[in-house]
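For clarity, chains are labelled A, B, C and D in written order, and residue numbers in each chain start from 1.
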Amino acid sequence: MTEPLPIGVLGLGRMGQIHAHHLASLPEARLVAVASRRPEAAQEIAALYDARPYAHYDDFFADREMRAVVIASATHEHVAHVKAAAAAGLAIFSEKPLALRLEDTDEALRAVDRAGVPLQVGFMRRFDPAFVEAKRRIEDGVIGRPLTFKAVSRDPQLPTAEAEESLVRGNLFIDLGVHDFDMARWLMGQEIRQVHAVGGALVYRRLAETGGVDNGLVSLVFADGSLAGVELSRNAAYGYDVRTEVLGSEGALIIGGLQQTPLSVLTRAGVTHDVFPWFPERFAEAYLAEIRHFVRCVRAGEFPSPDGRDDRAALQIALAATESLQTGKTVIITS
Amino acid sequence: MTEPLPIGVLGLGRMGQIHAHHLASLPEARLVAVASRRPEAAQEIAALYDARPYAHYDDFFADREMRAVVIASATHEHVAHVKAAAAAGLAIFSEKPLALRLEDTDEALRAVDRAGVPLQVGFMRRFDPAFVEAKRRIEDGVIGRPLTFKAVSRDPQLPTAEAEESLVRGNLFIDLGVHDFDMARWLMGQEIRQVHAVGGALVYRRLAETGGVDNGLVSLVFADGSLAGVELSRNAAYGYDVRTEVLGSEGALIIGGLQQTPLSVLTRAGVTHDVFPWFPERFAEAYLAEIRHFVRCVRAGEFPSPDGRDDRAALQIALAATESLQTGKTVIITS
Amino acid sequence: MTEPLPIGVLGLGRMGQIHAHHLASLPEARLVAVASRRPEAAQEIAALYDARPYAHYDDFFADREMRAVVIASATHEHVAHVKAAAAAGLAIFSEKPLALRLEDTDEALRAVDRAGVPLQVGFMRRFDPAFVEAKRRIEDGVIGRPLTFKAVSRDPQLPTAEAEESLVRGNLFIDLGVHDFDMARWLMGQEIRQVHAVGGALVYRRLAETGGVDNGLVSLVFADGSLAGVELSRNAAYGYDVRTEVLGSEGALIIGGLQQTPLSVLTRAGVTHDVFPWFPERFAEAYLAEIRHFVRCVRAGEFPSPDGRDDRAALQIALAATESLQTGKTVIITS
Amino acid sequence: MTEPLPIGVLGLGRMGQIHAHHLASLPEARLVAVASRRPEAAQEIAALYDARPYAHYDDFFADREMRAVVIASATHEHVAHVKAAAAAGLAIFSEKPLALRLEDTDEALRAVDRAGVPLQVGFMRRFDPAFVEAKRRIEDGVIGRPLTFKAVSRDPQLPTAEAEESLVRGNLFIDLGVHDFDMARWLMGQEIRQVHAVGGALVYRRLAETGGVDNGLVSLVFADGSLAGVELSRNAAYGYDVRTEVLGSEGALIIGGLQQTPLSVLTRAGVTHDVFPWFPERFAEAYLAEIRHFVRCVRAGEFPSPDGRDDRAALQIALAATESLQTGKTVIITS
């Protein structure tokens, strides 16, 4: 295929706009359609990138030119949209997670399998240069046999009112943790078999009413006995903080850092540098790279990765962590 | 008291020699006696610092001039030596842990209480400038309310034969973990109520025979619901690695770093700096500061800190982690 | 103007290709024409971005749709191309320097002035996030009155044969130094009045035959007596290294760092991270930002910055450094 | 010699007290005498370390037990004290510089030569672990042939009144610069042949009256054409800042850093760490190591390094820089 890939974006929230922007900048793709329940949002983005706007999702999926779709709608709509896209024979890129229950995920995966269309999910860390290089070093044997995976993922504190609403509806282990659980599986090259979690509503007290937590620690054991520890938090007052480590028999890797801009300010207060404000800034390159990978695979007729099985596996760990938090017990994943 | 404090050192292994060296350098103390079961070791160190050598511990404790003692003998001898020192009315500095079972610790503490002598235990991290400054910042409210404590403690890999012997006899959570458990209590200003641990004999396979582990992850919950995660490892191929974090409601602290010497080497391989080889290099200042604190307190008639209760509390957590590892269950600390 | 700006790129070497790529990714611009003396290069790039290829520069400048041009041809052709573009009434973005002699620069500037077209020159560091933030901090008074500017600019060593040819033809102070001289003027907000330089052909010995140098140190004095020191080198074996400092009466700024990827590799050799390989990687964001600024200004009918006067001022300092190197004397800049 | 070396300290200002403290802590030395024109200072320090106090320097030099002396008096007294010590047959450690004029330095050196006593001067950076390791790496060929030396030395700003007095009396190139000139010679293994300096009284305006400067840049050329650049400043508002680089044909070394305590504070203001307040904190280990080296050499009957010739060479460069600043011309060092 030598023509640019005609592609559409469904859902124009923060993530949908990032994807639309990247697709518009790629010579190998052509953003032909955008869809949002908010007609003016669809109009505005469509005008910016010279694409067709849709306010009704059925019309969007009926677009005659579109051959691939990016699904960036609300999480609870993902399954329906994946099924509609599969039915339309479109190659699918979907934001994670596909669903919040394994049976729903399985329903989406069956639809994709039946249609035989490619499905990539948005675990963008797999495309971040530092994580990519870490994976390469592990495969090159630089740190020997990987033994322990460690991750810190801390979201910045949000203006309280809006934040609490979103946090009350969410689940720390799913919203934030799936990225770390995916990295654990990917970097260690192992499946997780055992999950234990502790947590608390330490800042956003309202979470306690629904059993939610804003801080959590998850201990994981891989199939071969290797270990993983994941710390998750909703309340980093200082910014967005994602750091990951792999300790091996011959060395270790530390991925990520806090500093966004290479500028140090030296005053009587000491030496100060900035912090990444949030994920779009930290993973800017990764978001572009994941969508290029998707476009390249679709044009080449290859199946992209990470796929629906990776989404399912990460969700399964997040759900086990949730169960462990509620029961106080270790949860075994039998796959 | 204006005279230098006459003090003795019992046990002349690595730690005993460090203490002897520091005491000899302090104008406010006078190293008057050293004791070792190896007479030539006692002779050599005594000659170096102009002190009296003892090869029999009974003789040592009968030294007429000595008013304080540093106990750096093997762990299983600590209780007997603490009791002998207390009986002799000496002020006591003891390496940690006082014992490997709580009932033994309690026996030592009762002897100290009865004698009314000061007892300081060797949690030197409380005297490391970075930890001290972190404590001060927390108390100043710089990070708001402390919510999550995190620690990585990785010992360097040792030449296998000797190492395996020592590791087989040891316990990861006690040998290495007590320092982190003490820091968790000290920095968070809370007692720990709940302990869960996972671990594995991932490098030194012989450990598996005795139930020992060389890598472990411990999840802790404090009395007020705050969280702590501690990662312990025996096999950092690259050196000694101790890093600690406290996340609070308004900010966070990161304590420690890997670089020993402020020298960067820039070659085609990239930019490289060194790593701390082991604890004496990383905590050199702390070892000197803790013994100065002990000497200062004894001369001023004050009771030093951390004391035997701190040792007991850290041991209790380590034992709970050991139990959790064996049973797979969460252990509640009630006392 | 609401239409995307129709723009062409002249010269398809490394820089021309970077500019073409960025223009093709901007919704606010449309890459309509590319020109190269190598017809197959023009064909290839044109096909990639759906633009018209030109192998003859006269034909290129006669393109009816093009309203702005990026000049990325060889330095000795810049003046002729700027004049042709001005004559065609095009808005001009030109790579730096406009020329290698002040009289040639002045000839280009006169043509631009007569035509009244906008001219921006490629001092991309003015658009690098770290330099931009540094400028903002200085203007906010964070470091008080700026007193001393310092810069290190080291190009990576090149495969010797090719490199020596290019270096023999070049001039360290012009090729590499103009960026630092521009930053000195921009960050300090001052003109330079006094220049002294030392240097040597320390690695590429052939340079000595033509009076060229591969390493140089330039001392500069600003109009108000403030100071600047610039170190330039052609032979950083480890990569591309640009670091800049401003010391002020109340603090200092350090801009830039060596690390490209936030990944640390910990092995027995120590802790290693990578280095920027060369300028396209270090200044990727800046190259995109400078061309966006140009497009935005042209569409808005504004004159962009840095302009031809900035190019002339930086060249003048570079020429003074060259003269100082040859005469051993301090050179005063009077204009 | 197996006895501890009986040694005295002359001058009990900041440096004298540091030396006295270190000598008192060394088993291989015995601090037997201290001298100060302020009798109460001598009494106090003598009592602290159990030494004999002297308020008259003649009495001090007549001390029967003393075999070596540390001269930490005011710079203008160094020559007289070195001569007196040499006449008394004492091994001499003297703070730098020995004098402020080469003829005075030569007078002191002749006295030392005649007496045949060892003389070490206080270039403590030669004993700093990072500089020592850098020297070793250069000798191991890690960076190939050294080509360019760079140094930044910035003293912290002082409370203005006191500071200006001391600065008006001093000379930036001598007080601060000699350390960098010594490092340039030592690390590059070369003598300097050409010196050019610029500078200004940019903060402490009173300095201008006497031709003094508070900021300066020195360009140096070595005998083989290698280069060195040294930046000196009296007004680092943020603390003490010493950083040094050597660029070689195969790589580079960066020595030193700003951070004293390994603690990062993460708040809404960004990530902040501290800075070394001044030289005693930055070079604490070096001060101890240089005096140990001196004691070891004297006890072993060896001549220590750096010696009087190193002091003379560094002074000569500082004087050449002063002359260049005044004349605007490059100064050639011929001796």
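Throughout what follows, contacts are C-beta pairs under 8 Å (C-beta built on N, C-alpha and C of every residue); 3 or more make two chains touch, one makes a residue touch a chain.
The structure presented is a predicted model; accordingly, all values stated were derived computationally and were not measured.
Contacts with chain B and chain C are shared by A, D.
On a Cα centroid basis, the chain most remote from chain C in this structure is B.
Chain centres here are Cα averages; for chain A and chain B they lie 41 Å apart.
The mean-CA centres of chain A and chain C are about 38 angstrom from one another, to the nearest whole unit.
Distance from the chain A centre to the chain D centre is 56 Å, each centre being the mean of its Cα atoms.
Looking at chain B, residues 143, 236-238, 241, 250-252, 266-268, 274 sit in touch with two or more other chains. Across the complex, chain D meets chain A through its residues 236-239, 241, 258-259, 266-275.
Residues 24-27, 48-50, 129-130, 133-134, 137, 142-143, 250-257, 261-268, 274 of chain C are the ones that touch chain A when the two sit in their complex. Here chain C touches chain D in the complex through residues 143-144, 147-148, 150, 152, 154, 194, 196, 198-200, 202-203, 215-217, 219, 221, 225-229, 231, 233, 235-238, 241, 245, 247-252, 328-330, going by the rule given at the top.
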